[in-house]
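Across the two complexes that follow, chain A remains constant while its partner is chain B and subsequently chain C.
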Partner chain A sequence: MAINWFKYSAPTTFYSLAGKLIPWFAVAAAALFAVGMYIGFYIAPVDYQQGEFYRIIFIHVPASILSMFLYLIMAGYAAMGLIFNTRLSAMMATAIAPTGALFAFISLWTGALWGKPMWGAWWVWDARLTSELILLFLYLGFIALHASIDDPRRADRASALLAIVGSVNVPIIYFSVKWWNTLHQGSTIKFSGTSMHVAMQQAMFIMLVACWLYAIAVILARVRSIILERERHTKWINELPEVKHVA
Partner chain B sequence: MKKSTMIDLLWVVTRRDLVLAMRRRADVLTTLIFFVMVVSLFPLGVGPEMDMLRKMAPGVLWVAALLSSMLSLGRLFSADHLDGTLEQMLLVPQSLSMLVLGKMIAHWMVAGLPLVLMAPVLGIQFDMSAEAIGVLILGLLLGTPILSMLGAIGAALTLGLRGGGVLLSLLVLPLCIPVLIFGTGAVDAVSSGLSVASHLSLLGAMLVLALVFTPWVTAQALRISME
Partner chain C sequence: MKARQKRFLFIAVGLAAVGLAVALVLNALDKNVSLYFTPTQIFNNEAPQGRSFRIGGLVEEGSVKREADGLTVNFVITDRHKSIPVIYKGILPDLFKEGKGVVAQGKMEAGLMRADEVLAKHDENYMPPEAADALQKAEIANAASASAVVPASAPAVIK
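Let's turn to the complex of A and B:
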C-alpha cells in the first residue's frame, strides 16, 4: 500500500488530526508536569552551593531550550512555506511564534528570580541573558510584522523571510554577545558526564519533555484556530459539526 | 550582452539615487542633524564629567549612528514605490539584486558617509584620543554600510505598511547588534591598549557576508511586497 506522505499537509485533513492529537499531548504534558514538579520539589536534594534556589532551573532550563529550538523550527516551517508554497507551513510558523516568545519571556523572568539571590542582581548584562533578550526581540519582530500586514499571503511570506534572516543571524548574535561579556556560570551538563544529582537530572528531563508536549498541544490548538480563521469562506469549514452548531 | 552590463546598471542606479538625494538636500541634512543632536543629548543627560564621557563616547556615537540610519531607511524604497518606479525596476531584465545593491550604496553615501565624516568632531567633544577617533572612523566605515544593507531588508519587508517606520526599527535593530558590539569593541580595545585587528576583521567579515546575501534577500523581500 502506498503511503500518501502529504495527506496531512493540507489544512482540511490536518485540522481533524490536530483536533484528535491535542487531548493526548495536553494530558501527557499535565501528567509529566506533575511528576517533574514532585521530583523537583520533594525528591531532588538541596544543592550544597545554591540551597533551595537552584530548583528554579527545572522550569528555567526547559524554557530556555524550547525558546531557542522553537525559533529554529519556526524558521524551518517558514522556509518550507516559502519554498514549497504550502499554506499549512506558514500557518505553523505563525502558530509557533507566540509560544516561543512566551518561553523566551519565562526564561528571562525565572533567570532574574534566580539571579537576585545568587548574583545579588535581578539583571546582569551577561552573554546568555542578553542573547535570550535579543531572541525575544526577534520573536516580537516576527509577530509584529505578521500582524501589521493585512493580506495573509504577503504577511506569511514577508515574516517567513524575516524568520530566515533572523535564524542566520542568531549564531552571529550569540557569538558576538558571548565575546562581548561572559559572567554566566558554565554549562553544568557536559558531554563527558555531569556533576548533577540523578534526581535533579530526572526532574529536569521530565520537565523538558513536559514543556515540549505543552508547546505541541498549544501550537496545534492555535494552528486549528488559524485554519478556521483563514478558511472560513470554504465549504468544508462550514460543514464542520462545531461550526454548524454555532451557526 | 556586454560584459560590463552589471557594473553599468550598478552605476546608473547609484548615480540616479544620488542625484535624487541631492535635489532634496534637506533630507540628508535632517539625518545628520538628528545624529549630532542625539549625541549632544547624552552629556546633558548623564552630566559633563570628562572621564565618564570619554568612556561612553564610542557607545553613544555608535548607537546614535544606528538610530539615525534607521531614520532614513523608510525613504529607501518608498518614493520609488509611490510613483511606480519600483514596479518598473522589478520588470527590468537585469538582476534585481544588483539594482538593490546600487540603491544600498547610494543610501550609504547619503545617510552613512556624512555620519562617518561628522564622527571625529563629536569624538573631540567627548574628549576621545586621536587614536581612538581613528579606530572609531575605521569601524564606522566598515559598519555603517552593513547597517544600510540590513536596513534595506527591513525597508523592503515593511514597504507601504501603516506605521512602517517604527516596525522597521523593531525588525532591524536586533539584527544590527553584532555591528554595534564590534564597532564599540574596537574603540574600547584601542583605549585599553589591545589590538583592534580582531574587531575590525570581524566587522570586515560581516560586511562581506552582508554584501553577498543582503541584496538578494532584499530583492526577494521586494518581490514579496510588490506582488
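Let's turn to the complex of A and C:
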C-alpha cells in the first residue's frame, strides 16, 4: 500500500488533522502531569544530599530537554522550508518558537531557584548556564526577526537562517558539562543509562512525556491559527464552517 | 542538480562551516569558558596572577576549621594531587561538606586564597539516604577485601 506522505504537508489537510489531534494530546498531557507530579512529590524518596530540594528536578530537567529538542525540531522545519519551499514547514517553525522559549525560560528560572539553596548562588556564568541563556536569546531572536519582516515568505527565509545557524548551540549546551569545568553537575541520564533511583526516574520520565504532549498540543493549536492567518485569502479557509459562521 | 538539492548542499556546507568556526573559537577560549581552575593548574601557574579567580575541587577531609568569631572558616581545596588552603568569612551553602565539591572565588595571597564567595558543587547522583549508606558500606567492605588480597608493594590506585 502506498502512503501519500505529502498529503498532510498541505495546510489544507493538516489544519483539520491538527484540530482532531489537539484534544487527545491535551488530555493525555494533563493526566500525565498529575501522575508525574504525584510520584515526584509524594512517592519518590528524599535525596541523600539535597533532601527535598532536589524535587524541582522533575520540572527543571524535562523543561531543559524540551528546550533543546524543540530548537532542533524548529531548525529542522526551518531548513525543510528553505529546501523544499513548503509553506507548512515554515509555519511549524514559527509555531514551535514560543513554546521552546517558554521551556528555556522555565529551565533557567527553576535552575536559579534550585541553585540558590544548593550551590549558594542564583546564577553563575558557567558554560552550561550561559549556553542555555543563549538558547533563550536565540528563540527570542527568531521570534523578533520573524515579526520584524512584513512579507511572511521573506520573514520565513531570514529567520530560518538564524534558526539553522543557532542549532550549533544545542550540542554545546549538552556537552558543556563534559568539555569544561562548570558549577553545574554532569548529566544524570547518560546514553549508557542512569544511576537514579527508580521512583525518581519514573517521575522524571512521566513528566518528560507530559511536557512533550503539552508541547505538541500547544504547537498544533498555534500552527492552526498561523494557517488561518496566512491562508486567509484562500477559498478553502473561507469555506471552513467556523470561518463562515463568524463571517 | 535540482534547485532544492543545491539549497540542501548550501545549508549543509554552511552549517558545517559555522560549526567548525564555533569549535575553533571555543577551543581557543578554553580557559575563559571554564568556570574555575584546579589546584594542580594553580601550581602550574596557569591561574591569573594578582586578580580574582575561581578555584574548584573537593573540600579536604578534616580540614574545615571555624574561628572563634563563628563566621570565618579555614579549609583546604584539593584535587587529590595538589591542595590550596582557603580562608572565607561568610555564610556557607548548605551542601558545603568535607569530601564534597566546592568552588571558591577570591585572590591568592602567598599560597592562600582569600575567598569572597564559596559555592557548593554537588554531583549528578540522586538516591535515597539508605541507598547512599549501603553504597558507602559496600565501598568500605570492598576496600578492606581488596587491601587484604593485593600485596602491600602494589601501587595505590587513585580514582
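As a working rule, the second predicted complex is superposed on the first by the 228 of 247 C-alpha atoms of A that agree within 3 Å, B and C clash if a C-alpha of one lies under 4 Å from a C-alpha of the other, contacts with A are read in each partner's own complex, and residues count from 1 in each chain.
We adopt the following convention: contacts are C-beta pairs under 8 Å (C-beta built on N, C-alpha and C of every residue); 3 or more make two chains touch, one makes a residue touch a chain.
These figures come from a predicted structure and were not determined experimentally.
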| item | value |
| --- | --- |
| Partner chain(s) touched by A:Tyr54 [first = chain B, second = chain C, both, neither] | second |
| Which superposed partner A:Val46 touches (first chain B, second chain C, both, neither) | second |
| Superposition-derived comparison: chain B or chain C, residues of chain A touched | C |
| Which superposed partner A:Ile172 touches (first chain B, second chain C, both, neither) | both |
| Chain B versus chain C as contact partner of A:Phe137, first or second or both or neither | first |
| A:Ile83 touches, of chain B and chain C: first, second, both or neither? | second |
| Which superposed partner A:Trp180 touches (first chain B, second chain C, both, neither) | both |
| Partner chain(s) touched by A:Val35 [first = chain B, second = chain C, both, neither] | neither |
| Which of chain B and chain C A:Ala158 touches, first, second, both or neither | first |
| Residues on chain A lying within both footprints (that of chain B and that of chain C) | 165, 168, 172, 179-180 |
| Complex contacts: residues of chain C adjacent to chain A | 4, 7-8, 11, 14-15, 18-19, 22, 26, 30, 33-36, 38, 56, 92-96, 100, 103, 117-129, 131-133 |
| Residues on chain B engaged by chain A in the complex (per definition of touch) | 153, 157-158, 161-163, 167, 170-171, 173-175, 177-178, 181-182, 185, 202, 206, 213, 217, 220-221, 224-225, 227 |
| Residues of chain A defined as touching chain B within the complex | 134, 137-138, 140-141, 144-145, 148-149, 154, 157-158, 161-162, 165-166, 168-169, 172-173, 176-177, 179-180 |
| For the chain A and chain C complex, residues of the former touching the latter | 45-50, 54, 57, 79, 82-85, 117-121, 124-127, 164-165, 167-168, 172, 179-183, 185-188, 195-197, 200 |
